[in-house]
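Take a look at the structures listed below.
Two complexes come next, and they have one chain in common, chain A, joined by chain B in the first and chain C in the second.
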Partner chain A sequence: MILDRKSFLRLTGLSVLARKLVAAVTPKRWAMVVDARKCLQKEGCQKCIEACHRMHNVPAFAEPRHEVRWIWKEPFERAFPSQENLYSQAAFRDKPFPVFCNHCDNPPCVRVCPTGATWKRDDGIVMMDWHRCIGCRYCVAACPYGSRSFNWLDPRPRLTQMNAEFPTRTKGVVEKCTFCEERLARGEAPACVEACPEKAMVFGNLADPASEVRQLLGARYTVRRKPELGTRPEVYYIV
Partner chain B sequence: MFLFEKAVTGSRKYWIWIVCLFAVIGAGFLAYLRQLQEGLGITGLSRDVTWGLYISQFTFLVGVAASAVMVVLPYYLHDFKAFAKVTILGEFLAISAVTMCALFIFVDMGQPTRVLNVLLHPTPNSMMFWDMLSLGGYLMLNAVIALTTLHAEQKGIAPPRWLKPIILLSIPWAISIHTVTAFLYAGLPGRSFWLTAIMAPRFLASAFASGPALLILLCMAIGRLTKSSGLREPVQKLAVIVTYAMILNVFFVLMELFTAFYSQIPEHMEHFHYLFAGLDGRTALVPWMWTSAILAVASLALLIPPGTRKNPKVLAAACGMVFLSLWIDKGLGLIVGGFVPSPLGAVTEYAPTLPEAAIALAIWAIGILMITVFYKIALAVRESLA
Partner chain C sequence: MRDRGWIYSGLGLFLILVTYPFWQNLRAGVTSKGPDLRRPAEAKQCVMPVSYMRTSHMDLLASWRENAVRDGVRTFQSADGQTYNVSLSGTCITQCHASKEEFCDRCHNYASVSNYCWDCHVDPRQAHGSAR
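Let's look at the complex of A and B:
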């Protein structure tokens, strides 16, 4: 079949429209709800961290100043500094809370990136292009959650085991949690969600009123990290 | 090359100076090769303090570059004849400073080979994109202006008429480079130390003090090394500019302190606590910051009374104090202080490593080399006319 210019343009236009329509009919906004009380049942548990870091080839640097991390545990008072309260939360203050990229709806890291190497997808995931990143670390300075790590040295020799199905990174680029977009594309839940023995992490589509995350958010009191900064984080905590 | 022949003839002292500069540049280049090989991990930077010596030198030098406007504006807008001889020196200083800025940004990149991505994928929402544009533009403007006026001076004619609008454009452009540089920091939601509307005005005030202070010292050095005359009057006028700018700068810093400590909002106070008293027993920057504060007050004590300001020796000392005080304040405290404590409350200290310092020193040497060569050319042109 030979297409003339007019019908080619018409077809292109139609296919773009069709994509937009499909997206409009099934909108997606990925989000996470962490039930801290379930998580705290086993305080020393590292299963989510191990699963994530193994799957994504996150290197283990000996020196803390070179640490790369996608998900880690932070004491409550550091993860939620504005929630500080001397008395009622004494049970919580030093307790470790799992923290990771909040996949903000209004991400400052994306705003400052000078190359578009980090951007927000239509489904809300804040993504990274490790081939475009120039390593200026402006996004690291902009993130109010410490969720971004820079590869100060070559990460590859620091991998204890390698997952051949996921890319490794080079020195001099920034990386962070991607909500396991490669697993989502296959219809699987993020690795941390799957690895949690207490089922403390619930992942789902905020745009779907019937989703488990929406049900939980509707029924339970939840907090977010530093919502006053206007970043609109999409990771919620039941405390 | 254009007038370059004037830079390759000089006394024995001149050549020793040039060789020394090249030695420093060579050492830094070797250190940079190591950084290229191993990564930025060879610096003192860390996951909590992600910008250090390189970016703070960049910030300080943008100010030095912008300060050329303090001679260009009075000379071209107000026809202030006393600055006739120093205007070109200010412009050459700006060219050298902007080049150092670009180099400091370059050595801070994790993937320097990809740096052109900033232009290949232009992102107007990023302040870094605008900073690159404004610095690049400023370099071009000053290069065109300085070379054209020098050429005209050599021929003993007035600069061409088309140059005037370019000179006028360079005035707001100078203000813009330092404003955009302040915006790099002042718009980040989680960094309370930088989240202040007075950042850009404070940047400009400190720039208009430190740049002209350096220019005064350079003029005095020229006066000693060569038989140039007629630099006494512009130096005295520049001293007045330094005085006012330094007063404004100190005033702005006091305003920052008032807002932080009267409001008592912890995240606004903590950074000042860290810088001037230490936090969690970490006190690396405390002696530096107090040195800076004392030098600032002492320099004003020497600059404000006309009697001391008019004494060349006292003025030289005061300018050295202004320069050092602002170099510590902006070239050390302002950037590092913004990272301590981290948004998660971690107090991690930073100190540059030896290779990092060698690289920074080499970039300074490149800038000093440029100033030396440019000033040599400019003065040779003048001598041949006299």
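Let's look at the complex of A and C:
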């Protein structure tokens, strides 16, 4: 059998439709819970950052203005500027909290993208198509969490090693955390979750009441970053 | 017409210089031969018939890209029923066409086509050599 153009397109369309149907029957909403107490146990731990950046070919620029980051540590008062409780501020002041893309339910970056290079998937992941990014940086300006980085310079010379299974980016393209969607497709957990020695990061399906994230959210008090902005971030922190 | 000799030899020299690339290509036999591609050593069958790949590989790669990135469809079933992973570096280069330089580049250079696939996608050989 030789596949002609018409049947090739038909097959592709059908498989896409089948996936949408499966998604409609079994709803998925990926989310993350970070247990800050566990995370803060080991001072100076960078395991999650190293694992993520190595896996996704994230370059290390020496100059802060060129910095590209998918996951990084932010002092408590900068990560959670709306937490006004003075006493907890005193307890957590300057403590580094791991922060990354919140995969918002109402993502402002998606609204401003003029080319559709970033969009929200059915499972909640705010995805990027680097083929389509024209480098206008509207999304960088729109994201209130600083989760998006722009490649001001060619990232390749700054990579000490390259993972051939994941593309690098080029100069002039915006990038950010994708919740390791390429690993999720293989049934694996995100790289940061796997790398954390304290198991401080829990990843799972918010639409499933039996999932670990839902159990944690039901049992523990959690906060989110800048919830007053209405972006509905889907990364929760146990403090 | 005392300068006839100079004029004709000048014209002759001019003609030879202008047509030099044609003579050189004819002598080297490159015009009719086309680029010398290194074909896959083990794989006998591509994901689609060779005639289709020769003319429309860019369409196939573009549809792979759209399906994988946009819709999460990461496998491709070929006409003979085999299932392949949708991956430029992982499937095309690693599994079949061992060398990007001797397969992709040779033809693209010959046809003077510049594409930007490899500005981002990593040639597995390059990756092992660590940083450039």
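Structure notes:
One rule holds for everything that comes next: the second predicted complex is superposed on the first by the 214 of 239 C-alpha atoms of A that agree within 3 Å, B and C clash if a C-alpha of one lies under 4 Å from a C-alpha of the other, contacts with A are read in each partner's own complex, and residues count from 1 in each chain.
Following the convention adopted for this analysis, a contact is a pair of C-beta atoms (placed from the backbone, for glycine too) under 8 Å apart; a residue touches a chain by one contact, two chains touch by 3 or more.
Fair warning: this is a prediction, and the values are worked out from it, not measured in the lab.
Applying the stated contact rule after C-alpha superposition, one finds that A:H66 touches chain B and leaves chain C untouched. Once the two complexes are overlaid on the shared chain, A:R78 sits against chain B while remaining clear of chain C.
Applying the stated contact rule after C-alpha superposition, one finds that A:A31 touches neither chain B nor chain C. Set against each other, chain B and chain C differ in how many residues of chain A they touch, and the higher count belongs to B. Contact with chain C, but none with chain B, is seen for A:N57 once the two complexes are overlaid on the shared chain. In the superposition on chain A, contact is made by A:G135 with chain B only, not with chain C. In the superposition on chain A, A:T12 contacts chain C only, with no contact to chain B.
Common to the chain B and chain C interfaces on chain A are residues 170. Listed in rising order, the residues of chain A touching chain C in the complex are 1-3, 11-12, 15-16, 19, 57, 121, 127, 129-131, 156-170, 181, 185. Considering their complex, residues 38-41, 45-48, 50-51, 105, 108-112, 114-115, 117-118, 120-121, 123, 125-129, 132, 184, 187-191, 267, 338-339, 342-346, 348 of chain B touch chain A. Residues 64-67, 74, 77-79, 81, 108, 111-117, 132-138, 140-146, 149-154, 170-174, 226, 229-231 of chain A are the ones that touch chain B when the two sit in their complex.
Across the complex, chain A is touched by residues 48-49, 63, 65, 67, 69-74, 77-80, 87, 89-90, 94, 116, 119-124, 126-128, 130-132 of chain C.
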